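Just below sit the structures, each encoded as structure tokens.
You will see two complexes here that share chain A, one where it goes with chain B and one where it goes with chain C.
Coming up: the complex of A and B.
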């Protein structure tokens, strides 16, 4: 492992921002820190950058203790979620700024700056002032600055969160291309996000954070398919995975008096008893033969409708592939695909998933 | 409707401009009058209403022995004291303000806001309260009636203005800019002067203007702490007054004394709108 964090603790007030956090990262890999707001993502990035000194614990890079190296001597680049640039400099000088802080020859500086500016698609904007650029272009300048530095660790703190929907989609795609190019082969790229889609799209390894702790670490697809706990299932799905309390009794999965399913095949090894069952919003569909629900709220987003519905004590959100207006209180029938059900034990750990059977007593 | 709006707007601007410019024109016209032209009823236009005279201006250059008040030396004294005191106040005040804006200080119940208030509180006290301790202190240091003594006193009076304005300004400069500069290889001092300071030029200019205006127009301390060796412009102008109020030379001296501030305002005006932080943090 090239970057090692050992038992990082940071507690500025009553709450932990980093709670005994340990992990290892390798060069040439992309890591996505996935977590809700205040889960510790930015604190962790700032700790790696050296902007925050942890209360205890160490960060080691290639065996060297980073705690004793000041920020400006670390070979790290960072892009913030706000579009941070130097307003008194033009685009070229912004990108050249970190290189001018080092003794780099004029020729190399010019090459690296031009290359970075070209890579983010701002070739014709070199002499523009930052204020003359749009939000997306400003964030590209910040990215170009971090690319030009050719840092060993590149930190991206929710770089797309402040952009509008369309631009976010477009930049997300471009970012993936830039990061998966040859640049990332000898550097560690750490990308923080609240959006599970971004983690999936970037690929690489995902680290799920919550309240300053690492809940799960592994390939993005693995975490998506087999979330270790109910909390991970909530964080790694947008909308969050629906969690329903129920029980397995013989060959039935019983949610409440009106809702029960035949036990799906991947639950066959589960013992009878109480469980929390999880189902993704996208695995819920309108179906006349489905269970009756009352509509509580319907949100139309693009070509989809997020339907919030309730049946007795069961509230869930369905992601429907259509644009339809529902009235509040309207009765709908929803089909829950039992083959896509997850089961979590009373300890909230995953007991069985559609992708993997976990033998449990 | 739109035409009416534009007409009203320009009418208002025109009236306001007259309101602002009229005193200057009045002073300018009066400075070229003599005793008879001033006391002989309202006159406005030279060569038409009255015969212009340079007497008012000549008095300012004549030595006291020749019945004048030489304001050349006090004029340069004032420029030197104001510029130096303003520069020192801005230099120290900016450093203090940056520290107060970026770092957290805590000594029991005293926090950053208390320290900022401490600076401002120096301006809350009536000057008369400060005058006696200043007089005694400068007397003991042997700095009464000296440029250095005056500069020291003015720094005490002007620095709170600089701190007050600059703390507010630095608070509006996102901390992330400093952090980015650190990550990009600047040590904290380089981050301050390479990144934060160039983006704070409008604040520095506003603070500088306030310092210069307060320093330039102060009469009270200049009058109390100097006698014969060093004289500043406001004190010299007051010396013009005699049994007959010499409106012509008072007008000339008024124009001469506001001239530097107007020149400075014209020079720095474009910087006030030029530097802004909209590209730092959208």
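Coming up: the complex of A and C.
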């Protein structure tokens, strides 16, 4: 492992921002820190960058203890949520700034700056001042600056979060292209996000954070398919995975004593008893033969409708592939695809997932 | 309501403007074309005679102007450097920050003339505590009666008195700077020194230019310090333009001639400060 964090603790107040966090990262890999707000993503990135000194624990890079190295001497680049640039400099000088702090020949500087500017699609904007650019362009400048530096560790702290929806979609695609195909294999790229889609799109390894702790680490698809706990299942799905308490009784899955399903094949090895069942919003559909629910809220987003529905004490969110206006209180029948059910034990750990069992089967 | 009434509302402001600015300037111009003095009072007309006298005969005025330029530029430069250093010091998180902020402002809160009297006592060549101390090492510098040292004394007093003003303006500027570029600079590999050169200094350029110009305008009127400290002496070693105009107008009562001196001085100051401002903008704001 090239970057090692050992037992990092940072507790500025009563709450832990980093709670005994340990992990290892390798050069040439992309890591996504996935977690809700206040999960410790930014604190961890700032600790790696040197902007925060942990209360205890160490960060080692290639065997060297980074804690004793001041921030400006670490070979690290960072892009922030806010569009952070130098307002008194134009685009070219902004991108050249980190290179001018090093002994680099003018020729190499020009090449690297022009290359970085071209990669983020701002070739014709070199002499523009920062204030003359849109938010998306300003963030591209920040990205170009971090790319030009060719740092050994590149940190991206929710770089798309402050952009509007369309631009976010567009830049998300561009970013993943830049990082997956062009970024140096000599670097570690750490990208933090609250959006599971971004983690999936970037690929690489995902680290799920919550309240300053690592809940799960592994390939993005593996975490998405097999979330280790109910909390991971909530964090890695947007909308969060529906969690419903119920039981397995013989050959039946019974949810809240209201809904009953034939036991799906991937639950066959589970003992009878109490479980928390999880189902993704996308695995719920309108079906006349389904269970009756009352509509509490319907949100139309693009070509989808997020339907919040309730049946006595069972509340869930369904992601329907249609655009339809539902009235509050309207009765709908919803089908829960039992083949897509997850089962979590009373300790909230994953007991069975459709992907694991399907793979076995 | 009749729209013409708007002029009625403008009238008080206009009257004040005419009373305190336009009339005095107009009258000075007219006065400068007269030979009004204590022997022949009256607003006669001599054309540009007084101006020819300034440019052809009065080398003392130009020497005073040269001295003024030297004193202004030196004092303002020192005030800027010291004011910036002090502002940077209390801008950072240091112990007793609030105490130091107030402490550095004290000289500005004192009455300049009284403080100059105290400084004069301080630098008194036979009775002052400065020479009392230096006598221990066998030195007895002539702070007020040496041609070179008297200028340095004026500079010391001016810098002491007005550095707090520069400090205040620059500290306000520093406190209003955005935090983000500093975050970026530290990550981008700029240490404290480079961060100052490449981030703080350029970001502070507009405020610095404003502060320097304000102080240059103030410093170019230097009068009370010279009047109390050295009375322009020894000889004319510390005589500045405004002090010279004061001598011509209010000691020798050559009103017509001193009006011509004043008007010439005003025009020169407007032109030179405009040029200085443009040069500063070009030097300090690179991208422009």
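The rule is simple: the second predicted complex is superposed on the first by the 354 of 361 C-alpha atoms of A that agree within 3 Å, B and C clash if a C-alpha of one lies under 4 Å from a C-alpha of the other, contacts with A are read in each partner's own complex, and residues count from 1 in each chain.
The definition used in the following text is that a contact is a pair of C-beta atoms (placed from the backbone, for glycine too) under 8 Å apart; a residue touches a chain by one contact, two chains touch by 3 or more.
Not measured: the values here are computed from a predicted model.
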(Q) In the superposed model built on chain A, check whether chain B and chain C fit or clash. (A) clash
Q. Looking at the overlay, what does A:98 touch: chain B (first), chain C (second), both, or neither?
A. both
Q) For A:130, is the partner it touches chain B (first), chain C (second), both, or none of the two (neither)? A) first
(Q) With both complexes overlaid on chain A, does A:149 touch chain B (first), chain C (second), both or neither? (A) both
**Q.** Partner chain in contact with A:165 - chain B first, chain C second, else both or neither
**A.** neither
Q.
With both complexes superposed on chain A, which partner does A:51 reach: first (chain B), second (chain C), both or neither?
A. both
Q) Is A:90 touching the first partner chain B, the second partner chain C, both, or neither of them? A) second
Q: Could you tell me if A:138 is touching chain B, chain C, both of them or neither one (first, second, both, neither)?
A: first
Q) Taking 224-232, 260-268 or 278-286 from chain C, which overlaps chain B after aligning chain A? A) 224-232
Q: List the residues of chain A that touch chain B in one complex and chain C in the other.
A: 49-51, 70-72, 76-78, 80, 82, 84-88, 97-98, 101-102, 129, 145, 149
Q) Mind pulling up the chain B residues that touch chain A in the complex? A) 174, 176-177, 179-187, 190, 195, 198-199, 275-282
(Q) List the residues on chain C that touch chain A in their complex, please. (A) 178, 180-181, 183-191, 194-195, 198-199, 202-203, 205, 285, 287
Q) In their complex, what parts of chain A are in touch with chain B? A) 46, 49-51, 70-72, 74, 76-78, 80, 82-88, 97-98, 101-102, 129-131, 133, 135, 138, 145, 149, 162
(Q) Give the list of chain A residues in touch with chain C in this complex. (A) 49-51, 70-73, 76-78, 80, 82, 84-90, 93, 97-98, 100-102, 129, 142, 145, 149
